[in-house]
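Read from first to last, the chains carry the letters A, B, C and D; within each, the first residue is number 1.
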Amino acid sequence: MSELDEIGFGEEAALLKQQAGRLLAERMPIDRLHAMVAGHDANRSGPPPWDESLWREMVDLGWSALALPESAGGIEMPLTAIAGLMEEIGRAALPGPLLDTLAVSLVLAEVGDTAQPAMTALAGGDAASLAICDRYGAWRAEDLDVEYRDGLLNGRAWHVQELSRVQHFLVAARNGDGLSLFWVDASADGVQLERDDIVDLTRDQGRVVFRNVVAMPLTLQGQSALDAAFPAIWTLLASEMAGASEWLLQTTVEYACTRQQFDRPLGWFQAVKHPLVNLMIKIDETRSLVFEAACAMDDGAEEARDLAHMAKASACDTAAFAANRSVQLHGGIGFTWECFVHVYFKRLLHGRSLWGGAQWHRARLAERVIGPLAA
Amino acid sequence: MSELDEIGFGEEAALLKQQAGRLLAERMPIDRLHAMVAGHDANRSGPPPWDESLWREMVDLGWSALALPESAGGIEMPLTAIAGLMEEIGRAALPGPLLDTLAVSLVLAEVGDTAQPAMTALAGGDAASLAICDRYGAWRAEDLDVEYRDGLLNGRAWHVQELSRVQHFLVAARNGDGLSLFWVDASADGVQLERDDIVDLTRDQGRVVFRNVVAMPLTLQGQSALDAAFPAIWTLLASEMAGASEWLLQTTVEYACTRQQFDRPLGWFQAVKHPLVNLMIKIDETRSLVFEAACAMDDGAEEARDLAHMAKASACDTAAFAANRSVQLHGGIGFTWECFVHVYFKRLLHGRSLWGGAQWHRARLAERVIGPLAA
Amino acid sequence: MSQAQAAFSPEQEDFRTYCRQWLLDNPVGPAPAGMPSGPLEITQSEHMAHLQRWQKKAWEAGLIGCDYPVEYGGQGRQHCQEIANEEMSRAGFPFLPNIVGLGMAAPTILHHASEELKRELLPPIFSGEEIWCQGFSEPGAGSDLANVQATAERKGDKWIINGHKVWTSLAHFSRWMILLARTDRSDKYKGLTYFVAPMFADGITISPLVKITGESGFNEVFFENLEIDDRYRLDEVGTGWQVAMTTLLHERGASGLRTPEVIPQDQGDGGTVDARSLIELARTAQGDGGPAAQDPIYRDRLMQLLIRERAKSAHERRAQVPALQDHPQRLALQNKLLNSELVQDSAALALDMTGSTSTLAQGDANAPDGGLWPYAYMNSFGATIAAGTSEIQRNILGERVLGLPRSK
Amino acid sequence: MSQAQAAFSPEQEDFRTYCRQWLLDNPVGPAPAGMPSGPLEITQSEHMAHLQRWQKKAWEAGLIGCDYPVEYGGQGRQHCQEIANEEMSRAGFPFLPNIVGLGMAAPTILHHASEELKRELLPPIFSGEEIWCQGFSEPGAGSDLANVQATAERKGDKWIINGHKVWTSLAHFSRWMILLARTDRSDKYKGLTYFVAPMFADGITISPLVKITGESGFNEVFFENLEIDDRYRLDEVGTGWQVAMTTLLHERGASGLRTPEVIPQDQGDGGTVDARSLIELARTAQGDGGPAAQDPIYRDRLMQLLIRERAKSAHERRAQVPALQDHPQRLALQNKLLNSELVQDSAALALDMTGSTSTLAQGDANAPDGGLWPYAYMNSFGATIAAGTSEIQRNILGERVLGLPRSK
């Protein structure tokens, strides 16, 4: 594990973030991304396009192993550093299973010894995704559609991200009264992928159907492994959303500085300037909470879980506001594919509902801070 | 009962509103009101000042009897007309027990024959106020502090408006499992008035303490009489608040047109102009809902209660926004007694919490429109 | 009988009875598959043809354009269009496809065109036989509409048009365009002239723009030496800005002359963006922990929208009482802003309530209400941007109604 | 040990130990009755005297002004004031009354005054013996600060001051004022000069203004031929605007030099406007139907405020990491806006939660938290208006950080 500097974001972390920013700007500038995803949207047949060779390169750089323990062949960077990287991923609206593979790593790290083979696969460069949600996107044992009985998985996991871009799924299933976790190959017998038709042009979402899939639990304490890992996962997603929101801010500011109406640049008008400032304030709120949450997790601080709820709640509100105002302030052009705002708009609306929306996170936070709601 | 015109607001109503506007502008312009209430605030001893002779004149004009049935010597104007009058009362921020006397009339009209003596007193020019609330401003039987037993009232009614400006109280008390209503003279044996020290400079609020006060129930069905009368009461209060909010809007617009900063009138800046427009929109929402609610009540339409909840919920939000923005947009002067905004600011904050705030009214509306919350 | 109905004249009441009967006698058969939700979303000729057929039938029955004079294809009635609109809406009649023609071109032609043009152009607008589009906006003239750069140069009795219009809905179906062009570079406002341009002439290229939703729906229109006759000019040379204001007044619903239109009714099928549909959605939609209709926070937000929506319809009655208003245009000029922001906020709430299922697109079998809501949300920006952005609407309200100094 | 603490230097850690010990050894005795909640609310001499005594003691112990050079009454330390602030705040030390002196006058004097003035004026600021007030705002110069009309006319070695300043907090206790005056009518910005003015001289009339709360707290100050020595001028004639910017930079908390201050701690007694106090309030406050803490809507609103508050404190750590920022001033310049609007919104939520009891004034026995909340709400507008309104703050952020064109 690399040494933390005093403040929680060391030179290594700064270099990683810088490297990512440069690589993505060069390899997947928004006009290239747009050309790639726009082609697909017209007919919507087959999997949504992404740049798999860029992904391989990211794997070679070690990014997909950043959250794996060193003991499992991973890099085990501080979460602050990984969150910094995710901000750049968001800024580029990059399609691909990085967030999901990191999320799976974080859960596996909570599982213990039985997760070793799975971690080895990830350390070797495989990608994985969480297959843990019910049809409403929640992951409580009693609601899950997937059930484990007599050594077999049956049912359907919903809202699985990066469906056809990963080699493995970390599956949550009802097992008696509890929730157990399983490691299932995407190509295993009885596994079938059903693609969702989604609004977001950068993601690949769908359902994984299990029909008598032979499996062995990684852990019977699935709920507590998920609970332990999710604060870090929320934080990474929040960071990614902050990065995408920042792209919208900067792009809209740029447009407001050049676009002239009434012989003035748009940004001269307070009706444009002040909402942009409000957006900046919201983004900064999210970014600081992300950093604070990541620091708290790296430190093992008690407040970490609260901060993660705060970060994701903030990210959701920031994303909604960023998406809304950047289309509006672009005016007519923002309503078309002539500019690229819509790609981020859709990606942010997607991220907003993933793994809990703002209101859900605030309700969880309230339970912790105020105490439970009386029944 | 006067004839309704086709649209619900006839010539008589228009004349009443006009007459009220003229009378109040002449007799209680804001500088006079301010001089009157500002003197009191310095020491806060004794009852807050008001113009009792103006009140007598209003009584002589019949205003306090507008909601009384003709059969009881009242004028029985349509609620639309009375709401129009209340808008002018709000515009003038007029201290005095008009709203409260009207509210009591509306409840008495629901009570039936036993209310005749009380209605006769009001028709004769007396003023009255509701003494129905618990310490939190609610009026459910189980929470009331006042109890009726063996012919005697004991306990304390909270948040009684116009405490020392009325001759009678309409009292709600627990009576066994139910809520009964009583007619009690302010000067009756065992009645004691305790004045609240309040923020609003135009109202006189306090508690009425009952110690073995001899009383006979007007009705045992007090809850249903209150329930039947409250939609009209909420509508009148909402109208009053809309009038006060409109005064703040017009006053702030005027200031924004004259005050110069950066060689421009303030209102030239969109950061000032757009909030004022938003305030106008909110005020119009309240005013239209008030009128629609009053029409529905005059028509006996089923939607009346829904509309009254909407009107008061809207009035509360409008009031909060009006108070907030008019101080802010006045800048430094708005933060002082050099301008009169603060009088309306305080009056509106008071009205906002009276007889249910925005959230409470929306929760009641939701019960009616969506259905009850499952326990 | 409610007071609102009591305010109708006997002529109106008779007309209502007539409309209701006609609509009963002429039930609308099944529509072609995949019908769009509104006129601006029409992309297929089959859908357009279906809608045009029904518009023509209703016009022949006297339900469309009925407040216009008989010689222009109307019925010479007074305040009857609102009755026809109500009855058509209630009957679930198909929406009228010629939205630009009916709402913008017709009133502008009525006020500013020659007698000859009125007789020529108005009847096929009402019948729906000639679809219209609008040629105001340009890449450099959005909110700043007067910045129009497309030129009209006089050449004898003709005008030569060159330039580039954008966001032109229905251009590919249109026979006519209302066109704002520059005839004088020396004065921003007085240098504009208003024309009606034949879209069937040479010199016009139409190229579709992709909307945020991924659908094509409007277009860019390029003029290259389009030649049009001087008789297609409305009003005087140099008065284009004033004429355009007539158009916008009607587009924003702020005029007395009611536009023929059919408001899609909520049929409990969740097909409309209104509070009732949202409440129905809330009964099933959930993120986590039960349906939104049982969540006090969503209940509160739903009631906030319901209140805004109900207030908007309540404006109609109060607008008829001068004693309850401070400025004659105060309610009318709010119309566009209230409608467009209410739809946007409603769709946003639906996205929140549907949680993870809000990610699903139109066409996905598991999408709530068939994927209506994310598309309603995206499309809502059309309304908060077009015909004067919400920011411009607030300027207009602040300046014209409140009397605040002009920001520009 | 948290990372935040690990970031302190050994000198800072030693200093913290010293502060903590001193504060333990010097417990603050009981205060006079009716102590105000902050420096700007001080109206009684008795309260002022009590606070001045404690400020002096802390200065003598080296806790105030410690990052300033020794010759100016400081200790010549580095980044130690924040330590002293934290420790004093934690220990519940009384707030420092000389807020204008410490936060505005001292850094301005340090950067712009002559050596002689620094030695003369700075030590009694830190000791609290000389209270300062600010003479920037005028009836016609609020947001448009450069519109100052008070004049300074040169007369040999003297300046003659005439004019009218407003919103002057603490004027009646002050020995000095930082004064912005016009020395040239021909140029709005370059016509200003910055002085320090003795409030004990002839030619000054102080007249109290009543605040929205009904309390007096600040003043109007009238100058009638006040004569001051040229040595009281800061920097050059005509550079007043630049000097004032130094003052405002420090007032808005956007500079590196930390102001000595004590942040009142929430002692569970609901005396502070922060999320913790609100949550405590919510456990008892109710409108109808149970305490607010059991109402999902209030819980959600409470969490929204808690999140804003926590993010604000999280800014401090991120501000130290250049790699996590896009613009060096981006977080610092938000400080004033975030603080003032958070307090305002928090107080507004408290009013909602307390329902009918929110009508009760300070002094009413039944008022929640002694009537704190309505007064906190009213006073909050002081902070959203003074020292650059929230509207001006948004202009500054948009222009300086985002690089948008200047609105003025």
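Here, a contact is a pair of C-beta atoms (placed from the backbone, for glycine too) under 8 Å apart; a residue touches a chain by one contact, two chains touch by 3 or more.
Since the structure is predicted, the reported quantities are computational estimates derived from the model, not experimental observations.
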item	value
Where chain B and chain D overlap in contact partners, by chain label	A, C
Of all other chains, the one whose Cα centre sits farthest from chain C	D
Length of the line joining the C-alpha centres of chain B and chain C, rounded to whole Å	41
Whole-Å separation of chain centres (CA-atom averages), chain A against chain B	52
Set of chain D residues in contact with two or more other chains	296-297, 300, 391, 394-395, 407
Residues of chain B whose C-beta touches two or more other chains	269-272, 274, 359
Chain D-touching residues of chain A, taken from the complex the two chains share	4, 6-9, 13-14, 17-18, 84, 246, 249, 253, 256-257, 264-265, 267-270, 272-274, 276-278, 280-281, 284-289, 291-292, 295, 298-299, 301, 307, 310, 313-314, 359, 362-363, 365-366, 369-371, 373-374
Footprint of chain D on chain C - complex, ascending	295-297, 300
Residue ranges of chain C in contact with chain A within the complex	137, 140, 142-144, 147, 166-167, 209-212, 214, 286-289, 297, 344, 348, 351-352, 354-364, 366-367, 374, 378, 381-382, 384-386, 389-391, 394-395, 407-408
Residues of chain A that touch chain B when the two form their complex	269-271, 274
Complex contacts: residues of chain C adjacent to chain B	2-4, 6-7, 279, 282, 293-294, 296, 299-300, 302-304, 306-308, 310-311, 314-315, 317-318, 320-324, 326, 330-331, 334, 337-338, 391, 394-395, 397-399, 401-407
